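Chain nomenclature is as follows: A, B, C, D, E, F, G, H, I and J, assigned in order of appearance, with residue numbering initiated at 1 for each chain independently.
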Amino acid sequence: MLRGIHPLLGPELLHALRTMGHGDEIVIADANFPASTLGCPVVRADGVLAEPLLEAILTHFPLDTFAPASAFRMAMVDTPDVVPPVCVSFQKIITRLAGDFPVEPLERFAFYERSRKAAYVVATGELQLYANVILKKGVVRKEELAQFG
Amino acid sequence: MLRGIHPLLGPELLHALRTMGHGDEIVIADANFPASTLGCPVVRADGVLAEPLLEAILTHFPLDTFAPASAFRMAMVDTPDVVPPVCVSFQKIITRLAGDFPVEPLERFAFYERSRKAAYVVATGELQLYANVILKKGVVRKEELAQFG
Amino acid sequence: MLRGIHPLLGPELLHALRTMGHGDEIVIADANFPASTLGCPVVRADGVLAEPLLEAILTHFPLDTFAPASAFRMAMVDTPDVVPPVCVSFQKIITRLAGDFPVEPLERFAFYERSRKAAYVVATGELQLYANVILKKGVVRKEELAQFG
Amino acid sequence: MLRGIHPLLGPELLHALRTMGHGDEIVIADANFPASTLGCPVVRADGVLAEPLLEAILTHFPLDTFAPASAFRMAMVDTPDVVPPVCVSFQKIITRLAGDFPVEPLERFAFYERSRKAAYVVATGELQLYANVILKKGVVRKEELAQFG
Amino acid sequence: MLRGIHPLLGPELLHALRTMGHGDEIVIADANFPASTLGCPVVRADGVLAEPLLEAILTHFPLDTFAPASAFRMAMVDTPDVVPPVCVSFQKIITRLAGDFPVEPLERFAFYERSRKAAYVVATGELQLYANVILKKGVVRKEELAQFG
Amino acid sequence: MLRGIHPLLGPELLHALRTMGHGDEIVIADANFPASTLGCPVVRADGVLAEPLLEAILTHFPLDTFAPASAFRMAMVDTPDVVPPVCVSFQKIITRLAGDFPVEPLERFAFYERSRKAAYVVATGELQLYANVILKKGVVRKEELAQFG
Amino acid sequence: MLRGIHPLLGPELLHALRTMGHGDEIVIADANFPASTLGCPVVRADGVLAEPLLEAILTHFPLDTFAPASAFRMAMVDTPDVVPPVCVSFQKIITRLAGDFPVEPLERFAFYERSRKAAYVVATGELQLYANVILKKGVVRKEELAQFG
Amino acid sequence: MLRGIHPLLGPELLHALRTMGHGDEIVIADANFPASTLGCPVVRADGVLAEPLLEAILTHFPLDTFAPASAFRMAMVDTPDVVPPVCVSFQKIITRLAGDFPVEPLERFAFYERSRKAAYVVATGELQLYANVILKKGVVRKEELAQFG
Amino acid sequence: MLRGIHPLLGPELLHALRTMGHGDEIVIADANFPASTLGCPVVRADGVLAEPLLEAILTHFPLDTFAPASAFRMAMVDTPDVVPPVCVSFQKIITRLAGDFPVEPLERFAFYERSRKAAYVVATGELQLYANVILKKGVVRKEELAQFG
Amino acid sequence: MLRGIHPLLGPELLHALRTMGHGDEIVIADANFPASTLGCPVVRADGVLAEPLLEAILTHFPLDTFAPASAFRMAMVDTPDVVPPVCVSFQKIITRLAGDFPVEPLERFAFYERSRKAAYVVATGELQLYANVILKKGVVRKEELAQFG
């Protein structure tokens, strides 16, 4: 446990987030996501829910302002036009903590393909369906770290 | 790079600090310290100076209020009563960032023995002599993390 | 995620519990516990609280009826006679799920020494102080598995 | 050994099943299957027969309702229209424990190709020929875990 | 699967038995034995029962004729003079396959101590209590291999 | 050393043969064969000759009756129609121990290509030239293991 | 710390530079560079700035005189014709320490592609944007080492 | 140090040469060769010169008489028709120790490409430029080992 | 295979012998020796007999002239005064190849204790009983390598 | 190869020297030294002689001025009062490059015991006997690195 760092972020996840750079992507995955077979490094967060984890990550992690989109969710398989409640919540958290970034839907298998190239997948214990979101890291500017002298 | 986290702390060091618990000790070692032969895990911080690194660590790391002493420096070999300038500086940084914790001197080989049992040694690039300090981790209380909701 | 298995138990923890045998001990440790420096294997459960994790483990893990005591908590340092609320809660969970097993207090450093010999330490994200408990595994009898034919 | 978990599932297999997600596949392979050369991770279950192992896995593992088929067997090489007795038995176990999922035949080398992409192969000690079956994992819904509070 | 080799012996166990020499010991352990915490290499045999495994091992493994005793069982904790049925069965299998070797009882913790120095522990899925036996390997003589020319 | 198992098969080779399944291939290679650069796992058998090793392997290893050919030798580079004496001997051993399987010649580089996909190469100390043979594993049937009850 | 060797170069970086040969490339990357996901080995230099590190490396590392260009920087994304101040500084350091080598601009994603094939990426703590430079190693001639006799 | 074996060959290099077979190639590389980035295993021989190392290797290593060429050098970049003195020396050593094998020139990047497929690169400390040579291993015949009985 | 090096010595054994220095010991162990449980590194030589292996090793390996004894055999358990035939043969080979070094008997468990401190144990396939010998390495003098110029 | 760094120091040795601190010791060992069995990390320098390697190391490595002695050699076994020529040479090199440090003799087994605690042993190819020397590292002072600005 450390002061000033969100307590939901354990040592592996902190390490992972700290190695990521501009344009790298991380997947917050629900409990049914095939996290281990996509070939990308996995950080386990069993027992942690997706929404508080998204809040914890965005406390320290900026989204990318260079790319056309920096947040992605999985579209529902049979009703792609319906936004599931957890994704509505994801959008609210992102807007509140990161700014005006729309969460773009991706068809299920396109979401898997994008995840293969991610820097990390965080496997949460979230039981809500479709609680998967990809975040693209932005630049941390010198001014944002001014508090550290 | 992450928001709200001291930028001098790289991924390995963040991971190390995050795994430490109540009573665990970390050594900030100068460039001449025999960091690799004491048998304790080493985090390299070549090119980083000891004083800013101490500041960076204490930004997030509490000292132990349960133990009789929670900060230690190496006493000068021939003039044990002289406090070297870098250690005067260490004391000021600790007092400012952690509170009223005197930095206790330890004879050179006693300092090495204590370091063997540390959780980590951070090998800095500090060229000032006697720029070694051991910190004992305290408890992070729930109230201190209240900002994260 | 698997049917019939407590969802708080991730793959590493399930593996750990499944390898344990009669008399082996596991430590459920709070967020300030020095889990990584005791020399015993660590399973991370950052972001998970101690009480639901104790419930999850006891759902599948019997306590030892052969030993004089099979559950231990850390005594408070300055007021060893006071039972902290989280430990009152631990006792209730144990009584409800495992049976009549008193949770024995151990002085802080005696608790650490016992932990060194444990099979695993589970490092939770619990922020309540003194939320540490050691469980000693009992025997699973054939009759208890009769449902699997 | 753990309460409430099928005793045929050892620590490696439990770990494997727990990391699998929606759409991931597992192969239960007989004693003559070339399990080690397909490039997919292998869990050894020497001395265990295929039918009880299929029962053990399906006790905790749902089949996929999104895919056109979620269970596959190897067709006999010379008499592809004959269903070998062990596969008749597989179908009965699947119907009883998982629901109405037909076990689709795949030509021998097509079965190997599909196995290469599986999450795991479990190498049993089954001596009946053609005792190979691929299972595709479905979603575990929150309601199914309601017993754990 | 190989011709002429007992099929219950998988690749890890065959490897283990083949590396053992005169005087080395192996533990066949029941499903409640603390196999993983004794510090000796473990071969998993989940789902395999102790009696057929003992038969499989003794098919290829001679007992030691140099030592005063070459087979050991765990004595019952409260009734050390009672021989549990599974141990009666062990004695019969040993007499039949290896010769006139009495299975000596060892008090529970003495059995654990002896196991620490074993070459391997085989963790079976045996649910009968006290189904633990230690075998000491003897010499294979040239004449016994004469069939291989 | 184990009873009933050919003594030329050491622990690594026994392990290798035991993991192989139907259709997997193994290369017995002479002392000049480029065993280490083909990318396939190597078992060293320095000091062992090819013909007794072939006998040892075929004592426990069936050839494949499903494939058009299950044994291959390297054709001589300049005189492809001449069968070198060691290969005449290989054919006799195979006929005697495995049955009526012709050993098919493969041009030198085709032999290397086939070896790349083998399960294992066994690097013997055989100094006769062209003493290389590939064996394709067949099925072990239940009846063949009947002796083990 | 060693005499005559630039103190900013820690053991990993010295090792890396010493293994590089003619034509191999190294990336000095700023704190926002996606260093860990390009698939090339990373040396961490958290807390070290890019300009002094470039000086430290060029103290011991010659640039390639055989290639058309031996130093590359990342062009600004929106204003490719503007040279950012840190890159003006890079050019001055290179001219002073290595000779007349122009630092060629590469479009952002072309810079990433070239980095994938580098021998190493050094991840600095530099917070200035666009502080990334690739250096191509030249030949060290015998005459340049004449001082060592 | 061993009797009868060239003392310049250390344990790693002896191991490497001993694993090589007919047609495998080894690169003796000078101190500026990009040995570590070609993807082929590297044996370090820092401080050893190329000519004595070539002599040491050819003391025990035959060249290939089956291939059209079995020794290759790097052609000079600007004056491909000039044979550098060290390569004249290589040719003399090869002729003296291995027989009539011309050392064929390869253009610089073609030499790198061929090196990628080599069994090993030996990274010497040779400071002469163009001191790189590839050797293709031949067959060791039984008669050549007759001294060992 | 290499010219001038005894062909029974494979790559691992050559590597092992080459790393040994003055006073280091190697055990040539028969097929019943408990090679894997003594805690010393093992080189497998399954299928190789002890006498030719002793010859192969002594072709390149000098015995120690500084120590009171440099060769040891295991005394027979019941008849310590009888020298088994294989040990008579060992003595002859040592006298012929290494010089006047008596092979000293050691009681069985003293032999095991000495083996624990050896540099390596070579596990042969020798089926003669008591075919175990420890060799202590001597110094290779410059003059002995004069042939290599 | 790097400018300004002694070319005899390869990447592993440079890394080793750079990690050493005040009071750490390194052994330069001759070709007969038992480097691999003392339990201390070994850097191979086969083919390199002891005297030039000592020169190379002392070019960058200060000796310890705090300790009563900082250089040690092995005394001759039978004539401890005779200083072997290579050790006379060691003393001259040390005096010339490091200053007035007498090389203290240590009895052979005392030398081995001290080597067990060294940071590294460098195994050279030196064939002169008694060419072993232990160096104790001193402090590098800021002023000595002033050239690097």
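In this text, a contact is a pair of C-beta atoms (placed from the backbone, for glycine too) under 8 Å apart; a residue touches a chain by one contact, two chains touch by 3 or more.
Since the model is a prediction, treat every value here as computed from it, not as a measurement.
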item	value
Each chain counted as touching subunit B and subunit D at once	A, C
Chain separated most widely from subunit J, comparing mean CA positions	D
Candidate from G-J, H-J or A-G with the same interface as B-C, over half of contact pairs in common	A-G
Of A-G and A-B, whichever chain pair has more C-beta contact pairs	A-B
Separation of mean Cα positions, subunit H and subunit G [Å, integer]	32
Separation of subunit E from subunit H, taking each centre as the mean of its C-alpha atoms, in whole Å	53
Junction residues of subunit A, two or more chains touched	1, 7-12, 19, 21, 31-32, 123, 127, 140, 145
Pairwise touch network: line, ring, star, complete, or other	other
All touching chain pairs, where touch follows the definition stated at the start	A-B, A-C, A-D, A-G, B-C, B-G, B-J, C-D, C-E, D-E, D-F, E-F, E-I, F-H, F-I, G-H, G-J, H-I, H-J, I-J
For the subunit E and subunit C complex, residues of the former touching the latter	29, 31-37, 77, 123, 127-129
Touching residues on subunit E, where the partner in the complex is subunit D	1, 7-13, 31-32, 44-48, 52-53, 56, 123, 125, 127
Subunit C - residues contacting subunit E, complex	19-24, 66, 119, 137, 139-142, 145
Subunit F residues within the subunit E interface of the complex	1-12, 14-19, 21, 55-56, 59-62, 140, 144-145, 148-149
